[in-house]
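In the two assemblies presented below, chain A is common to both, partnered first by chain B and then by chain C.
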Partner chain A sequence: MTILPYLVAAFLLLAGLAGAVISRDLIRTIVALSVAQSGTYVLLLGIGWRRGGSAPVFADVDPGTRTVDPIVQALCLTDVVVGATVLSLLLALAVKVHQSSGSRDPDALTELGG
Partner chain B sequence: MVVTVAAIVVPLGAGAILTGIGRWIPRVLLDIGALAAALATTVLTLLLLLEVQDSPSSRVVTWLGNWTPTGPPGQGFSVGIVLAVDPLGAAMALLSAVLMTLVLVYSWHHFTVSGPAFHALMLLLLAGLVGFSVTGDLFSLFIFFELTSTTAYALTGYLTAQDQPSQGALTFGATTTVAGVFILTGISLLYARTDALGLAPIGRALAARPPDVLVVAAFVLVIGGLLVKSAVVPFHFWTADAEAVAPTPVCVMLSCSLLALASVAVARVYWTVFSGSLTPDTIRGPLIGIGVLTGLVGGVMSVLQHHLKRMLAFATVAHGGLFLVGVGAVAPAGLAGTTVDALGHAGVEGALFCLVGILLHRYASISEHVLHGKGRNLEITGGLVVLGGLGLAGLPPFGTGLGKTITEHAAGAHWLPVIGTTIGALTGSAVLRMWARVFLGVGRPAPEDQSSRHSEEPADRARETGGPHPGERLSATMLVPVILLLVGALVIGLVPALRNWAAHAGAVLMDRPGFAGEVLDGVAPAPLPVEHVEGWTVERVLIGLIAPALAVVVAVAAVRGVGRAMESRLAAPLRIVRGLHSGHVGDYIAWQIVGAALLGGIVVLTAL
Partner chain C sequence: MTRQVRTGLLVVGLLGFGALLVAALLAAPPSGRESHPYGDAASQISVQRQNTPNVISSINFDQRGFDTLGEEFLLFASVLGAIVLLRPTPGDKQVEVSDAPEPLDAVRALGVLLLPVVVLVGFYVVATGHLSIGGGFQGGVILATGIHLLFLAGDYKALRRVRPLPLVDVDDVVGAFGYIVVGLVGVAMGGAFLQNTLPLGTFNTLFSAGTVDLLSVAIGIEVGSGMILLLGEFLEQALGSQSSASSSGAGT
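Let's look at the complex of A and B:
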């Protein structure tokens, strides 16, 4: 067991959030969000890791073999799908914003608020 | 058992089919198909509620694929996924289905540019809302959370030919994505600690040992994520930006269904997962504090708006604060208050959004400034707006008023009725002032809306309804849903059995050992004590009349220009509050992080 994956996960999460907060371009905001999401993938895989465990495929090995946790991989895969949906939708919206207002800088987009 | 699955699968499947064939069939078939699916879901969720009521334990537990738990009592274990419906979950699913049916009827005439995707997205949203209410598994809760989010911001940005909808949807999407990351990180931490994803097994494992930093972190991340959906300070910023630009039917679903469901989910996750580890006292203070602050900020912001959908969105935020106060009361009566208030509010707020939609349909505008005096010949619409405004202020016997008084008494603090009255008076006065200006044409026109730095009304506002229809006769498909919603809000305040049912439903939700035993071991829980909640008394009716009376006074003062004098005197603090709602994605995400950090700090101090 090592602490490294948890540190990497925390770093990705915080770096992604910080990037989204300070971003001056909507595309960059969205990429930063996907970096933050990657942090959760690393966290999940880190949680499921077992020393000496092989891939959780039992086709040609004894069912008692030590493997890494397959559940976190399923969760991770599910969230990759969710993330892809969300990010593509957000990117499409960013393109629309750029088309209609000519800017992708959140500081310049002040149509809403107050 | 079958009913639970069917209530999710029917809207999901119908949504998928309409996505596939929507392009090739005429609009009227789309309307009929979507309406039929929504009606079928309403019937199924009603059957589900009846089944839950019939069950001796007031729960219906379904293990998907029959992966039922094994093991001795007290140590039941399953790798399967469970749907566990309790009365409150079934009621929230039914609320969503009823609202969806009504807004689909409403949009039949109102929403002319719907295209094939609108109906499909609405049905997928409904599937997400039903699933969110009935699941007994934390990861499924996250999946349904994401399903409601994705469809909701696709619907918010539906009118993408305009500039604003894309911006509002993007803000909504970015903040909700951060919320999703929070929730998934919290779920990961809980899985690392307990090796489980179900609400029941996690709750049982956490109760077995004292809380530590990991549990607190998981709590803050999961609850902090859900609070974004229930739109409380400082997680609420997306609400007004999204609802200001969303099509009217979508506003109704966001305000009346999603917000209430998220508040119930906060209660459900706390009671089933964390209550064995973190004592109720740890959440009482933070939730009531956040709720009160949200109510006041929402109320003040609502009064400051002259953009009608933004005004109603902030009124929703204010009332969402009261829902959270009910959850923070950590008692069945508190949840009863939340439930009654949420149902009453759904009727009133849904009706008001639809009425604003009628104005939008007629005059292609939702600005109090532009609409000044335009509604003089719309007596019926105007009358209903007054009724809605008084309902929002909590006039007895509206469900909003009853829910508010139950919540205030359950939460116990003697100063809470003052806060509740203030929230009711502020939000009610905003609607009544709008009525006086738009439908009577009294006073000077409202000032131009400062929330938009560009033109008062985007030139293509009319796109939602296909252009202004000034002389057209009011269509029954638009009026009947409004009347049904208002009648519903009145009925909820008038039926005495409902509040005791809601308190029982709250007690079932809070019964963590009973829930875990029934889900994991299949044993019937110990019977719960019969709940009795006091309803309208003479005293409560009199106190309940204060808020609508104040709302009328404030509205009259505002129309006579007193408000503007007040506004200039309070200019500095008001400018700060308005300035915080900057419409800037980065600002909103920063506030989410600050909010989560503050919540974490408070919980660490009280729990450890």
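Let's look at the complex of A and C:
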């Protein structure tokens, strides 16, 4: 019984948000967002953790063995997939921004261009 | 808004948000507790009723297979989005693809040695998603990574030959719609969409668990080809075409 994983998750989320706001480089903003998102992985796995539980795969252990909660692990898998796809879209946007304006500093992007 | 004002607002906002967040987490059920009724119910359904040793695959491809359909099309849409965003624009001029700088001999040897091993592991992880740790999502990423060891080994042209992007496009669609077709099998057998109506077989053997493994393979095709397409677009962007704006952008 502990709340340490929750605190780590909160720290990752806050650190990622802070990094996204103060960053001066679009790539670093995207990395900071993915740090913030990894907080959600830690939170989900922390919720599902059962002390002494093994992986919820019963291929070589008896049914009824102590395992961690499989539902949040499945949700975490969804989370990872969504995270990776959003990351790739954001990186593609950053590439296009850099091509059209020649800069990766979000503060330098002050005007819209066609 | 100046930088100082923005940082000040950030500090105030983060302190407030952090305090509320910690207060909420302190009141939540603690981590490591004994009681997980939903998880236990899912394990029981997976092992006793659906004959699927890997509970996570059972949840993803059977108990909440419809959600995974949405997840798959999210992946599909974002790959499409990245391709549209990264398509060559009229300002770009196509240049002949040159190989990246020569890698170290050790990197080249390791890449060539690992390529078959990683691709084999990828197929294994996709095919046994219902039995052991893994499944379509993980195996698809391993497959795509394995093929890109060719790029690390310094042979971009060979990579282009083993993954002709128009064919991988078709693969992506096959994976996405394979999932729907397997779902319609449930309807054809007189059940609901994505219902696991195929024979469940013997526990812990390759041909068991009904549609779970088929859906896992469909997802493996979709994820693998989606990753290859994404990485391919970024590699083409970096190596294949050089836009006029970025080449005049003073090498930032």
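Brief remarks on what is shown
Following the convention adopted for this analysis, the second predicted complex is superposed on the first by the 111 of 114 C-alpha atoms of A that agree within 3 Å, B and C clash if a C-alpha of one lies under 4 Å from a C-alpha of the other, contacts with A are read in each partner's own complex, and residues count from 1 in each chain.
To be clear about the criterion, a residue touches a chain if its C-beta (ideal position, glycine included) is under 8 Å from a C-beta of that chain, and two chains touch if they have at least 3 such contacts.
Since the structure is predicted, the reported quantities are computational estimates derived from the model, not experimental observations.
In the superposition on chain A, contact of A:40 is made with chain B only, not with chain C. Judged by the touch definition given at the top, the superposed model places A:70 against chain C, while chain B stays out of reach. By the touch criterion stated above, A:89 is placed in contact with chain B and with chain C alike. Touch criterion met: A:13 reaches chain B and chain C at once.
When both complexes are overlaid on chain A, the residue A:97 reaches chain B alone and has no touch with chain C. Set against each other, chain B and chain C touch different numbers of residues in chain A, with C touching more.
By the touch criterion defined above, A:23 reaches chain B but does not reach chain C.
Touch criterion met: A:50 reaches chain C, while chain B stays clear of it. In the superposed model, A:108 lies in contact with neither chain B nor chain C. Comparing which residues of chain A touch chain B with which touch chain C, the overlap comprises 13, 17, 21-22, 47, 71-72, 78, 82, 85-86, 89, 93, 96, 100-101, 107. The touching residues of chain A, when paired with chain B in their complex, are 13, 16-17, 20-23, 26, 29-30, 33, 36-37, 39-40, 43-44, 47, 71-72, 75, 78-79, 82, 85-87, 89-90, 93-94, 96-97, 100-101, 106-107, 109-114. Chain contact summary for the complex, chain A toward chain C: residues 1-7, 9-10, 13-14, 17-18, 21-22, 46-51, 55-59, 63, 67-74, 77-78, 80-82, 85-86, 88-89, 91-93, 95-96, 98-104, 107. The touching residues of chain C, counted against chain A in their complex, run 3, 6-7, 10, 14, 17-18, 21-22, 25-26, 28-34, 36, 38-39, 42-43, 46-48, 53-56, 59-60, 64, 67-68, 71, 74-75, 78-79, 81-82, 85-86, 89, 131-133, 137, 204, 223, 230, 233-234, 237, 243, 245-246, 248-250, 252. Residues 139, 143, 146, 149-150, 153-154, 157, 160-164, 166-171, 173-174, 177-178, 180-181, 184-185, 187-188, 191-192, 197, 240-241, 244-245, 304, 450-454, 578-579, 581-587, 589-590, 593 of chain B are the ones that touch chain A when the two sit in their complex.
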